[in-house]
Every structure is written in C-alpha cells, then in structure tokens.
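Quick one: this structure, given as structure tokens, is what I'll be asking you about.
Think of it as A, B and C in the order they're written, each chain with its own count starting at 1.
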C-alpha cells in the first residue's frame, strides 16, 4: 500500500512540476520531430522512403528523445539534491523508481502519440492498419527502454560525465528492445501486414520487460546507497 | 513494519572509515551524540564532514565500522529508521518550481503525515504563511532556507543533521536559525551541525568535534575560546 | 587458485605449443579449404569470452549486493578479458567471413550479438574510468544487465537474421576436425583462467597499495 502510494506521490509531484512550464514535454516533442526529419533526409530516395525506414525512424526517434527526457528529468532531482531527500524518506525506495518510471512512460506515450501520426503521414506508412498490435509493440518497447533508462539515469545522478554515460550504457543494453520494436513495426507495415510476426515480437518484448523491471526493482536500493 | 515506535536517544559512530580508492574521506571516526546535544562538526572544507553526515543519514555506507542508533546498527533497523532522521544540506532539498505549500505537502505525504496540521505549522514556523502559494524559485535565499529547515523537521526527527546550511545568510537569519536549533535540542533532538563557520558554531554548539583530513582531532564539550582551540588544532582559519 | 597456477600455466602453454601441430594435421574442410582453420582460434575466443562474461556477471551481482571488494576485483578483471577475447573473435571472424561468405561483415546473430556484448563491456570499462567515485557500483549494474540480457540479445538477433552456421554444427564435426578444436578450446579457457588469475592478482596488489597509502595517512 505504502509502495503504490509513494509511487503515485512521486508521479503526481513530477506532473505538478511539469505543468508549471511544460519544459520537458515541449522540448522532448520538438526533439522527437527533429529526429524524424533528420532521418528522413537520410532515408528518403526519389521521394520515397527506403524499405522499412519508417519503422526504424519511429523507434530511433523514441529512443533518442527518451534519452534526452531521462537526462532532463533527473537533472531536476539533482538540482536541489532532492533525489537525496527522496531517498531519505521512510518509504520503500523501489517505489521511488516506479514513480519515476511511470512519469517517463507517460511522457514517452505522449511523444509517441505525436510521432506515430507524423511518421505515418510523412512516409505513407500504414501504421494504423493494426492499431492494437501497434499499441502492443509501442507499450512493450517503451516499458523496456524506460525501465533500463530510469534506473541508469537515477544511478548516474551522482556520477561524473553523466550526460554522455547515459546513452553509452543505455543503447547497447536496450538494442534488443529496439530490434523487437523495429521488426515488429516493419512486419505491420508490409504489403500484407504480418500479424503473426508482430505478435511474436510483442511476446519477446514482454519477456524483456519482465527481466528489465525485475532486475531494476531488485538493484535500485543497493545502487542508490553511496 | 513493526518499527513504528522506533526511537533512540543516542547515536554512536563506532570506528567508521570511508575511502574512495586511495582518498580517505573518513578515518576511524568514533563519536557519540546524545539527546539534547548540539554537536558541532568543525573543520576546513574537504575535511570529511559531508561524508560523515551522509553516513549518519544512512545515505552512504561506511567501508568499515558502523553507526549505532540506540545500540542498533542501521542495517538492522530498515526504512523506519529514516523516519527518525532529518537532513538539511547546503543544497536545500526543495523543488524550486513548486510552491512552498506544495513542497511541504509532498514531503509530508511521503512521510505518511497528515497534510493539514504539520504543513500549516511548518509554514508558520518558517514565517511564510502569507506567501505559501508562491513558487520557491521566487523566494530570497533566507526564505528558502527557513522553508528548507522546516521541511527537514516536518516529521519531527530525533536525529537532525545539518551540513553547512547557513552559508549565504545574513546575521539576523542566522540568529533565527540558531534559536530554532537550540529549541530542537531542548526538546530532546540530537543535533549534529557540520560547518566551517566558527562564528556560527561559537556559543551554539554544546560539543565540538574537530576534524581534518578525515580524522577526528578532538571531541570535547564546548567552551569559550573555540577559535583559539580550532587554530591550535587545525591551523589558521 | 594460486596453488594450481603454476601447473595451469604449464598445461596451457603445452596446449598452445601443441596446437599448431594438431591444426596442421587436421584435414582441409571440403568447401572452405585452408581458411577454415581460423575456426581453431575463432570459436575458442568466443568460448573464453562466454566464460569471462559469466564470471563478470556473477561477481558483479555479488559486489552489488554484498559490497565485497574481492568480487569487484574479479568483475573488473573478467570485464577486461571479455573485451579482449571479444576483440579476438571480432578480428578473426571477419577474416574468415571474407573468404567463406565473400563479405567482411554479416548482420547475422552471432556477429551482431557479439558486437553488442563487446559494446556493453566497453561501456562497463568506460563507466569505471570516467564515472568518478563510486562508479564501481554503477558498472556492476551494467555488467549485471548485460549478462542477464545476453540470452535475450542472442534470441532476438537470431530471429532477426540468420546466416551463421548453427551452434549444433560443432558437435557433429568429424572428429578429425573436432579434436583439434577441443584442444584449442581447452587452451583458450586455460588462457582465460591464467589471465584472470594474473589480473585479479594485480588488482589485489593495487588494493594492497591503496591500503598502504591509506595506512600511511592514518
């Protein structure tokens, strides 16, 4: 009970901060759209995107803007050393992680709500032909990415060179998640949407998410002790 | 949790060492603080004061030795122990984007307190009742400081840790904060104050622990002539 | 470990000395010819790397939860060896691929996941190098995640693309090819054990030196 309450409190607090300025949301959304455009210049030939580029661009934009948002979110907790104040509270510490993770998921969810129509529109990608499967892929991939990202961003708060270390750690470990997301999405974008393949990738993502979230909950407490 | 009534009236630092590779931050420190004490941890910057405060707050683990809270080491007490500890550092542990009331409410809820009474009392003690709904980033350093102090004391901790909390404050603000500390100690709190500011410590602390390079040079009841004592043991101030 | 160190070095050295002879004796593989003999270095590098990954993952988990400095010494030593043996595999692989497949690199499962593992453990070393005080703990989380996700990395890349000979090829090799491979594999695993022991020993000496510096200050 205390666990869920604490996670909820942290999430609500982050939301209260965000609505003051909408800084992280606007910058993340703008960055995500810039990513899509930059990759469009690289992968559009003679007015058409190369095969499977749409799926790749979508997921790269999610991963890149997610990294940026993670850095900013934890910079807020570092500024007044409020992360230490949170750790000092008698609440179970993994609950702080869960609260932060939920905030990241909400933020990335909004970013995806912008990115998916944008990619569909710019690359004539039939992303909405199987909305449920796409939602499953997005949810599975985002949870996996944010689960690792939130843990690493939290632990890097007290490290030097944290800005560059976050992507260095995050990308190699989450590449399998990105692969699953990209291949699953590409399967949906084929001439005849390949539902079986997409479903299989969702299954793999669920397995990943389970491993990542379990490991993160398990290691958060020892990682946060200096 | 069965430690709802967890309490203690003495904190013992027993032979605590902490190092980062080849750099020794704390070297075999032993120190005892009792309810009613205001222990001044005095020493130059980089002496290991902040590390000791972090160890006392259970935020950092010592490499050897242990801290006992009423004869029980931290690892046997669990999260309930943190309910009895309050910390105020130079960084104020406040969210500048939120209002004073939002900051206090959030932490009150995190500590499982009622949101009304304690928050209103804290606002009053900080002298911010009429500006409670303004955002903290608009406050002066002194106002933020008072708010941060009340935030740290919101849950009425037994062990109150201060790490250079009064830098950048004017004399009047320091005087008010010092009075608040005296009242805390009189009410039975164990107060530990780490600072390099002798003017602040003089006349406020009841015990003096001088540390330099991670070593405890002396631990004695406060007396007049603190400055001379400091100079003799640590060197020029 | 320390008592067995001398004999281990001798046996390992003997295997390495004997290896060229047995490799030369082994018949040419029918389609690839001479180039196939890279296998005797390539496959054992990966076997040794897997050993190193396992040691690093387990030691990191122990360090993370028990803060035992000995575990950290094993973790960092093993991580360096993961990178070392990974480099051997990543160098011998393309050499073989160039002749066997006609290209230096194939995005197939074994290559891609090997490259990812290499990246994860290079990241481990980078965190330790540049993370500042306390980065050992952060690095151990990296190793733990890297090791735990290893099988998944493998599986997902496997489904993504497959060109590489299946793992099951190795046990069905004719014994004329398999025996030298077993020999070189044993040699590489012994090399791993010897290097690990040496590196842990070095880490212990560093720790002892740090200890002495600290004692001098006290």
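Everything that follows uses one rule, which is that contacts are C-beta pairs under 8 Å (C-beta built on N, C-alpha and C of every residue); 3 or more make two chains touch, one makes a residue touch a chain.
Keep in mind that what you see is a predicted model, and the values were worked out from it rather than measured.
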item	value
Pair sharing more residue contacts (C-beta pairs) when B-C is set against A-B	A-B
Chain closest to the middle [Cα centroid of all protein chains]	A
Subunit A-subunit C separation of Cα centroids, rounded to whole Å	31
Length of the line joining the C-alpha centres of subunit B and subunit C, rounded to whole Å	48
Centroid distance [mean C-alpha coordinates] between subunit B and subunit A, Å	37
Overlap residues in subunit C, where contacts from two or more other chains coincide	67, 134
Interface hub residues of subunit B, defined as touching at least two other chains	61
Interface hub residues of subunit A, defined as touching at least two other chains	226
Footprint of subunit C on subunit A - complex, ascending	148, 151-152, 155-156, 158-161, 165, 168-169, 171-173, 175-176, 179-180, 183, 200, 204, 207-208, 211-212, 215, 219, 222-223, 226
Complex contacts: residues of subunit A adjacent to subunit B	2, 5-6, 9, 13, 16-17, 20-21, 76, 79-82, 84-93, 225-226
For the subunit C and subunit B complex, residues of the former touching the latter	67, 133-134, 210, 213-214, 217-218
Interface residues, subunit C side, partner subunit A - complex	64-65, 67, 116, 119-120, 123, 126-127, 130-132, 134-135, 137-138, 141-142, 144-146, 148-149, 152-153, 155-157, 159-160
Of all residues in subunit B, those that touch subunit C in their complex	19-24, 27-28, 61, 213, 215
